[in-house]
Amino acid sequence: MNRISYIDNIKEWGSDFSFKHEIKVRFSETDMFGHLNNTVPFTYFEEARIEYFNSKGFMKDWTSDGSNEIPVVADLQCDYIQQVFFNDQLMIHVKAASVGNSSVDIHYMGTKQDGSVCLTGRGTIVQVSKTTGNPIPWPEEMKECMARTKVKHS
Amino acid sequence: MNRISYIDNIKEWGSDFSFKHEIKVRFSETDMFGHLNNTVPFTYFEEARIEYFNSKGFMKDWTSDGSNEIPVVADLQCDYIQQVFFNDQLMIHVKAASVGNSSVDIHYMGTKQDGSVCLTGRGTIVQVSKTTGNPIPWPEEMKECMARTKVKHS
Amino acid sequence: MNRISYIDNIKEWGSDFSFKHEIKVRFSETDMFGHLNNTVPFTYFEEARIEYFNSKGFMKDWTSDGSNEIPVVADLQCDYIQQVFFNDQLMIHVKAASVGNSSVDIHYMGTKQDGSVCLTGRGTIVQVSKTTGNPIPWPEEMKECMARTKVKHS
Amino acid sequence: MNRISYIDNIKEWGSDFSFKHEIKVRFSETDMFGHLNNTVPFTYFEEARIEYFNSKGFMKDWTSDGSNEIPVVADLQCDYIQQVFFNDQLMIHVKAASVGNSSVDIHYMGTKQDGSVCLTGRGTIVQVSKTTGNPIPWPEEMKECMARTKVKHS
C-alpha cells in the first residue's frame, strides 16, 4: 500500500479521521464476479461525504431551493485494498485533508468490521455558482469548521 | 405466461409495438448470482420510454428550464420471463397501451437477439405540475400523437 | 389508492406488517427532476426483502458457495403514492402475503417519518435450482417460518 | 487541466487513443443538481473498458464458467473537466497506457459531440486467480495485443 500518492504514512493517515459513517453492502451492488462492483465505492464516498457535510450543517444550504451555491466534484479516486462482499458492514471514514479558498480535498477510508482497511480514496470538492459555474469562496466559518476537524500531528 | 394481468394474448400484445430501443447489459448491472439484477430492467424501461417520448418530441418540453410540466411515474411493474445475462443485447419495445386525460399506460416488452421475450412490463405516466403536483391534461396533439402509434386490431 | 390491485383495504393491509427496515435516500438516487428516481424503490425493496429473509436465516443458505438453491424474482411492481426526496428517512415494511409450494408473494410498504405511506409494492420470489432453473419446493420449516409472520385478521 | 498527474501533455495524450465506445447519458444517471452524478463515469469507464477488452477477445475467457482468471480493478480515478447533462452523447476513448506483468494501466477520455473533453481518467487492472486472489501474469499474446494498440510518439 505504499504506492498510493495521497498517503505518506498509512498508520498516521488512518488515525487522522474524526468522522465516520456506516454502510452495508447491498446485494444489487455485487457483480457476477461475486464481489462489490468497482463503481460502487464512489456512491459510498458520496453518501459518507454528505453525512460529513450534514454534520457541519452545510448540506441544508446547498439543497435549499433558492441556493445558488452547489458543491461539485472536481476529481475522485479510489484504491481497492481488499475485496468487499455482499453483506459486509463497512465504516467509511471522512476527513478534510486540506481546505482551499473555494475547494476542499476530502479523504476517505473504508474499513471492515475487523478494522482492516478495504478502500481508500480522495477527491476535490469545489463550491460553484449554479448559474455561472464559477467557484465561490467558502465563507470563513465553513473554512474554519472543516479545518477544525483535522487532527494535527505534532 | 398467461398469468400476467396486463396481457390478454401474448402473440397479439407482442405484435402491437411500433417503437423499439436497443440496450446492452452492462457488467455492473449483473449481481453475484451471475445474471442481470432484478432492479435494472426498470432503468431499461425508463431509457426506452424516454427514447419513445423523444421520438415524439415530448422530452424537449419536459426538460427545458422554464417548463412547469413534468412526467411522473405513478406505478411500474415488470415480469421476468427469462434470465438475462451480461453482454445480452436486448430490444426494449414500447407502446402507449391507453391514453387518459393527463396519463398514459405504457407497455414494455424486452426481447433477446433470438427474438424470444425475456421481460414484459407496464406502468402509468402522469403529467403533473412541478409546483403544485396536480395532473395537467395532455394537449390534444400529444394525445393524438401517442394514440396514433397504437396499432388497431380489427 | 383504491386502484391498487394487491390491496383490498389499505388500513388492514398496512397493519399486517411485522418486519421493517430503515433506509435513507442517497443523493445519487435523486434525478434532475429533484426527487427519488423511479427505478430506485426496487433497490430498497430488494434490500428490505433480504433483511427480512436474513432475519429468518434464509440468506446464509442462498449465498453459501455450495448452494444450488437461489431465490429469483418472478415479477415486481411498485406504486408511487407520494414523492420522495433526498435525505428522506424511509421505513420499508415487508411481509409474506402468501406462501406457495416454491414461491412466496412478498408485499412492501414504504413510509415516511410522519408515518404516511409513500410507496407500496409486491412481487413473487421463486426458489430455483442454480443449475437447472427449475423451481425447488420450500422445506417445510421455511414455509412455516414465512407463514408465521403473517398476522391473521379474524 | 495541467494539474492532472497522469497527463503530461493533454494534446499528445488525447491523440493517443485508438479505441472508442459511445454512451448516451441516462435520465436515471442525473441527480437533483441537474447534471450527471459523479459516481456514474466509473460505470462508463467499465463499460468502455470491457468493450475494449472484448475487441481483443479477452472478456470471453474471463466470463467463461471454468475460468480461474478474472480482471480486478486495483485503483480508479476520474477528473471531471466539464459538466455532463442528460441526453449528452459521449464518446469514451480507451487505451492501455502501460502494460505490466499481470497488470495494465488503462486510460480513459470522455468527449462530447463537439469533440471537447469532459472526463479523463485512469486505473490499474490486475489479472488475478479467482480462488487465491494472487496475480496471474498475462500470456505473452495478451501483453502484445494490448501493447500493439499504443500509438508511439516519435
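Structural remarks
Labels A, B, C and D are assigned to the chains in the order they are written; within every chain, residues are numbered from 1.
Just so we're on the same page, a residue touches a chain if its C-beta (ideal position, glycine included) is under 8 Å from a C-beta of that chain, and two chains touch if they have at least 3 such contacts.
Here is each chain with its UniProt name: A, B, C, D = Acyl-CoA thioesterase.
The shown structure was predicted, so the numbers you read here are calculated from the model rather than taken from an experiment.
When chain centres are defined as mean Cα coordinates, D lies farthest from chain C (Acyl-CoA thioesterase). Taking B-C and B-D together, the chain pair joined by more C-beta contacts is B-C. Taking each chain's centre as the mean of its C-alpha atoms, chain C (Acyl-CoA thioesterase) lies 36 Å from chain D (Acyl-CoA thioesterase).
Centroids built from CA atoms put chain D (Acyl-CoA thioesterase) at 31 Å from chain B (Acyl-CoA thioesterase). Measuring from the averaged C-alpha position of chain B (Acyl-CoA thioesterase) to that of chain C (Acyl-CoA thioesterase) gives a distance of 23 Å. Of all residues in chain C (Acyl-CoA thioesterase), those that touch two or more other chains are 27-28, 32-33, 37, 39, 43, 46, 63, 86. Across the complex, chain D (Acyl-CoA thioesterase) meets chain B (Acyl-CoA thioesterase) through its residues 26-28, 43, 46-47, 50, 59, 63, 86-87. Contact residues on chain C (Acyl-CoA thioesterase) toward chain D (Acyl-CoA thioesterase) in their complex (touch as defined above): 27-28, 30-35, 37, 39, 86. By the touch criterion stated above, chain B (Acyl-CoA thioesterase) contacts chain C (Acyl-CoA thioesterase) in their complex at residues 4-5, 32-33, 37-39, 42-43, 46, 63, 70, 72-80, 83, 130, 133.
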